[in-house]
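Dropping the structure in here first, questions after.
Going by the order they are written in, the chains are A, B, C, D and E; count residues from 1 in each one.
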Amino acid sequence: MDEGFIPYQQSLEDEEQSIKSTQSVIEQAIAWFRAHSMFVLAYGTGCGAIEMPPTFTSRYDIERLGVVGVATPRQADILIVSGYCSPKTLKRVIRSYEQMSEPKYIIGLGSCTINGGMYWDSYNTIKKLDDFLPVDMYVNGCMPRPEALIEGFVKLQEKIRANSSEAGYIQYRTRYAHYRANQERLFGTQVQPRYEENFAGMNL
Amino acid sequence: MFHFEATLLAHLFFGLSLLVILPLLRRRDLVLHLLLLLSLGILFYASSLATLFIGWEMMGWSSYFILASSARVATLQRYILFNLGGAFALLGAIALLYGFMGSLEYRDIDASLLPPWAMNAIALLLFVAVFVKSGIIGLHDWVVDSYSEATPLFSAILSAILSKAGIYLFIVMFMVLLKEGATEPLLFEIMAWLGVITSIVATFKAISQDEMRRLLAYSSIAQIGYIITILALMQGFALEAALYHTLIHTLIKLLLFMNIASIIAITQKERFSELGGMIYHAPVLFLLLVIGIIALAGMPLLGGFNSKFLIYTALLEEKRALLLGAVMFSSASAFLYCYKLVYGIYLGQRPQEASLHVSPKSYYLPQLLSAALLVLLALLPSLPVGYLSVIGVELGFAPLDDSNLFILQSAFGSFHGGALMGAFGVAFVALLGLLQLAHSKAKKVKDPLDISYCGEVPRSETNLHFGYGMGYELHRISFIAPLLRHHSRVLWDRLSLIASDFSALLSSLYSLSAQHVTLLALLLFTLLLLGGQ
Amino acid sequence: MMSYLEEHYELIHKTPRLFALHVTREQLLDTLHQITTHTSFDTLSQLTCTDWIEEERFELGYMLTNALRSHNLMLKCSIARDKVTMPSLALLFAQAEVMERELHEMFGIGFEGNETLYDFALEGWCDIPPMRREFDTLAYVNAHYDFREGREDNLDVKEEIKKRKAAAKSAKETPSGA
Amino acid sequence: MSLLYFVLLPLLALFLMPLYRKHLHIISVMLNLTLLTLALTCTHTLPMVERVAVDLPFAITFVLERASWLLLTLFTLIMSLVSLYHLRYGNDKALFVASTMLGVGVSGLILSHDLFNIYIFFEISSISAYLLTALNQDVKAYGGAIRYMIVGAFASLFLLLGIMLIYLSIGVLDIGAIAERFGLIEPRLQFLILLSLFIGFGIKAELFGLNFWVADIYQASRSSVGSLFSALLSKSYLFVLFHLTYLLHVSPSQLFFLGLIGALTFVAAEFSAFKSHESKRIFAFSTLGQIGIITLALSYADAMLSAAALMLILTHAVAKTALFLALDLLERHFHSSHSTIFARFHAPFLMGIIALAGLSLLGIPPFAGFVAKLSILTGLASLEAYGAVALILLISLIEAAYLFRLLTGFRQGTGKERLYVAWSHKLLLGFMVLLLLGFGLMPEPLLQLCQAAAASMLGGNHVPL
Amino acid sequence: MLLLDLLLMLLIAYGFGFLYYGLYRNLSARVHGRFGPSLAQSFSDSIKLFVKEESTTFGWMFYLGPVIMASGAVLNVLFIPFLNQGESLQGLSSYGNLIVVLYLMVLGPLGNALGVGSSGNPFGVMGVTRGLTRLLALELPFYLAAIGVMIDAGSADFGIIMQAQSTQSNMFAHPLLFAAAFISFLGFMGKSPFDVVGAPQEVYSGPATEFSGKFLALLMSQSAMFSFAKLLLMVNLFWGGADHLGELVAKTFVLFVAATFIGSVYARFSTVQSVEFLIRIPTLLGIVGLALL
């Protein structure tokens, strides 16, 4: 219990357990479908990317869980940030996240996303991904093995089925100012276009 | 006797060309346009070959003078020389006919009196005339440049009306006047294949063009290629298919060229690489163009399919499987340039500098009318069959069945335009409703640049308009690349070079000094004296 | 190949396959030109920079290699840390453009004639170029990033390993002793 | 009404010249219009014979039958038009003398019915042509005139040789008489006579092999003079040549030879024009080309073809006159006749005239030139001369190429000069084009005239002595 | 009655479409040595996409694109008869014929291409261009085969074409034509080696790049129905159609499995390669087949 991120992870898991099932049947069904069909945008930001191929292919075959890789953020439900993020990469990650359709979730893969990992004192990697984006599930390790990633997916499935109002994308919407402030602080002048502007998009 | 003036096509051509001329009312070259119309009238109403030729030639030179206001010198030369070449071939055929008939009146012509060699020679000469006007491969050099350099409105006339003159000539000469002639069937076989090869090559060329009107010019060549192919069957149903396609193609090209004229008036741009994203600036024009291209591609739900269907079934009925395969291939390839046309102009991202003008209102009328007719024809595909059959019946062919206007009949099957439209309409509305009712909310992007672009934020100066590169891949396909690389123009240029070399040689004779001239005269005298003795 | 270099320059044999020679900033272009035309060292494979902060100079290393990739020649060129511009080699070697861009970003060295000296890996960097030795990485990180709590109690790794080894040893010894 | 008026009136005008030196241009117009009226009044009294008996072999016999009447009317018409054109440019003594003499010469040539007079008028017209060439009075013009003179003298020599041989062998000069007795001459001498006459007239009628001087002469002279050369001079010689040919009953092979020469003239001229960039040269070559076609058509000695050829002579004369006069306007403005001037001015009316006259020249409907060309082609086709049809059609394309290159001046362009064209000139040129259009749309009357003329030409108009 | 029939046809096409798609994923997983997802996975995917909370659109044309595409698929299903006899499950086939269906097959994609283009995403258009370029050659063998079948039966009507095969199916009567059509059919199904259109490694996702949520769901559903329609077409043209639903399922299943296995073991052709291959092999087969007719 002396690793720093554990309490946070614990809180994520505890929270999910504490939620009572107060959903209607339809909501439950919808949640079930969401949990059993996960389109993943695997963003290979760092060395974690190397663990992804075995996860998706014959050895571990995550497609059993209904997890499929997609190429564009528009179609994705889950964004995997695999490893350390430099500010430059982070911009693209944020951009990709903002282009995903809700509901959407983030898995932070590897220690680097949690606390900077072995790059803790690098001038060019961020130390806490959840300052900038709402992470729904961390999978720790350096690198985490595919088993760990699958475990993360299973946990995330449970979380999705719980249909929590604390889900990351809702956080991001409601606490956008907070995330945006952090992003602006990091990126300075070169910040991405504001996501908010797209929020109030009109229906056709 | 055959009265073309009583047919739908004559009315249609007149009506449509009047419609196009409408916006020109206050322009300087109105007189020339009227002259052009007059020449069409002479052509259609002619009762002797001489009158026919007068109409044919007047059409040639009046269009030349209209074109002269905007085209380059080389283009003009090419235009007039090819057209005159065709016209002179026609004149040659007329002279040959006169040699046997002793008269130029239609009623005096009896092709059964012609010996086979003369009939074949006449047929060949007429082929040249028809092929030049229709832009059959090898003789199409003049078409594309003149279409793209004419004023936008005149391109519409050129493509929609004038390009059909060759078809008219073919029908009048081969199906009416020389019907009994003993033409070698091989000639028609060659003609059929030339037509389809033209359409295939022209389709590929159309795909690789960057200029709107050049693309459409090649498309016109391709479409007329089908008509030539189908006419070469020399059958009643083929004639009807050809006439139907002529009608449809006239409507489509009028619509498309007027649409492009509007776009040129709005943007002052001609190239796909400089256009794009006009859909939200000119949604009506977009819809009109979409109607045009769907019809051009020959999709069901718009009139374009009807004539394609008739063409296919006519070929099937004649059991010309390979010919049909080639026609269908060319027709399928046409989707690519159809899409390029609509994408290049209306879809994709808008280039950043944008000063837009207003399109003249008078440009809309021909477009709306054509579009309405195309939709109507889709619903009632047999509507014009009665009119088109008139010609066939007069020529002694059996008419198509048009008892139910909704159903287009052919020997190889039929289809119900109303059912197609209805089914599509119901499916469309139902699916649209489903989409609207879906739990998911449609969120419209605020900035058109908010595209999924590998996480990058494209800037306004980033060129995202892929349109002008479309068709580039064709250059890498081994059997298409040579078609795109080679151009018959090289041959013609070489011919012109030879002519001018010869000319230089001869004209040097005319710069001789007086002594040499007299010496030559003396020499001639002596030679003749010796030779004559 | 070598003979030309031996003849004209003061060649330093570092290893059998690696040679070095010192040039001044002014000689650089000329020397490179001579070497590439007269010898088979015709590719610029690397452009390095060493910060000799104590001697107040940067040492740029232009690593040339031959077509067989069998021999390397490094041209060393020292420039003062405060006078940080060099002539660009972009016209001689196209690949130099991007190498120079990197050095510009990391060391703040200007290259005259290179048009691409804008942001490379670091977007919007406005601090001291990070590879300069006066740049204090830790201070920068502390100033710019938040650490997750719990990171402070991390112990010195070497100490900890020693301790653990000792503990393990003693644990081993204890049962054997018992 | 006497045929002598056509010769005497101009001569009278020339003699009385000192009396009204200041108004020569007006006199010229009046004279030519009078002659035109006279020619038209002759319509109903054809054929006419006028004989001034001097002494029998040298009697002056003028005959006006259908064919010569047609040409006479044409010549007087063209002369009137050209003199009307010059009205605006005031008094020009040299022009007056030369053109009036030319009128005398060409009228005499086609009216004369004896070889002696033909020779006289041959010389008169030649001398006036030298004068006309030299009108510009610069080095080029003089050079051209001298060159023309040398060639002309050569032609006269051969003509004289032929006439001399005829007279020596049969002792008569009247054409009718010659026609009757020509068969009596020894065949080899016959051939020599025919050959000399051919060379003599051929040079002047600008046939291939003998016409290499033409382009330079046209280029050296004024454009308006070019119209006279092109419409009057060459046509009159050609007419006489074929008149004699038909009368003397030359053999089919010799007619074929003439046709061949015609075809060669046509091909060579059109090809030469293809590369040319000097508009007067181009028009000269085009004239040569038309002469080639006319020769080709006449050489068949067929009624229909000859009628067509006569029609072509008429339409070509009018069209060429219009073109040369328009070119003269341009030349006066730009002081150049390079073909680029066609792209440098802005005058829609003038450009239209040039275009329409050019179309007629090319034989493109609905102009009169087309009727002529169509008649020639159908005539050739009915004689099964398909090769000739093909040749004419193919080479016409070359003709189209260079004529339409001139017409590209239609293009709108920057840097164009606005060209003022006087109303009188507009009327004149417009009249000519209307004439072409009118006869193109209603060719029947003219065709009938031509057919009658051809019939009389071929029928051997023996005027009883 | 007709309406019920049509609805039933759509339901069958929808159901079997998704079932086959699930099967495809399963089978190819087995070929890869995996277990693969459950059979209903594709169905779950489409439901999930329908119930996504938001979907991005770029304007009305983008919105209509998938609708046109799906309408085209619906029309395809309705205009191809399911059975070769009887009254039921004939749909609207008596109102159309083979030529209509061949063209309807392209209508949807072209309509969707308009939507793709209006998104302004260059990757989408690249995909469309690839698709259209491939279409050049893809349709040719199929057309040749269809022409042969039509000429053989003397009609373009499905009923007559199927009747003509009552003694011997076209597959055996015209094996070359069948081979040509089958290769072309593989391409129509978007299977390897002809799946260059949406290659994610190259053009992001091709035409589907910008489609999210319900739009993607609609596209998936239509794709399922459309592939069933293509199977039907092949069965009708070459295997003499089906007498009853069971036979239909069996025949389409066999065809589908064959296509899946071939698709699983081939590597992807580039656009140029696929065009050249399709022109060389199957087109030649088709031409020879027609010559032997």
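Here, a contact is a pair of C-beta atoms (placed from the backbone, for glycine too) under 8 Å apart; a residue touches a chain by one contact, two chains touch by 3 or more.
On a predicted model such as this, the values are computed, not experimentally measured, just so you know.
The fewest steps needed to get from chain A to chain D, moving only between touching chains, is 2. Contacts with chain B and chain D are shared by no chain at all. Least step count on the touch graph, chain C to chain E: 2. On a Cα centroid basis, the chain most remote from chain B in this structure is C. Using mean Cα coordinates as chain centres, the one most removed from chain E is D.
Core chain by CA centroid proximity to the global CA centroid: B.
Interface comparison, B-E versus A-B: the pair with the greater number of contacting C-beta pairs is B-E. Chain A and chain B, compared by their mean Cα positions, are separated by 58 Å.
Each chain gets a centre from the mean of its Cα atoms; for chain A and chain E, those two points are 36 Å apart.
Taking each chain's centre as the average of its CA atoms, chain D and chain E sit 78 Å apart.
Multi-chain contact residues of chain B (touching two or more other chains): 439-445, 452, 454.
Residue positions 30, 72, 74, 91, 99, 101, 204 of chain A are each in touch with at least two other chains. Counting partner chains per residue, chain E shows two or more touched chains at residues 49, 51-57, 60, 63, 204, 209-210, 213. Pairs of chains meeting the touch criterion are A-B, A-C, A-E, B-D, B-E.
Only residues 25, 29, 32-38, 41, 44-45, 47-49, 51-57, 60, 63, 200-201, 204-205, 208-213, 216 of chain E touch chain A when the two sit together in their complex.
Within the complex, the chain A residues that touch chain E are 30, 33-34, 36-37, 39, 57-58, 61, 63-66, 68, 70-72, 74-75, 77, 99-103, 204. Against chain A, in their complex, chain B makes its touches with residues 436, 439-447, 450, 452, 454-457.
Within the complex formed with chain A, the chain C residues making contact are 121-124, 126, 130, 135, 137-138, 140-141, 144-151, 153.
Only residues 49-61, 63-64, 66-68, 70-71, 74-75, 78-79, 92, 95-100, 103-104, 106-107, 110, 113-114, 117-123, 125-126, 128-130, 132-133, 135-136, 139-140, 143-144, 147-148, 150-151, 154-157, 204, 209-210, 213-215, 217-218, 271-272, 275-276, 279, 286-287, 290-291, 293 of chain E touch chain B when the two sit together in their complex.
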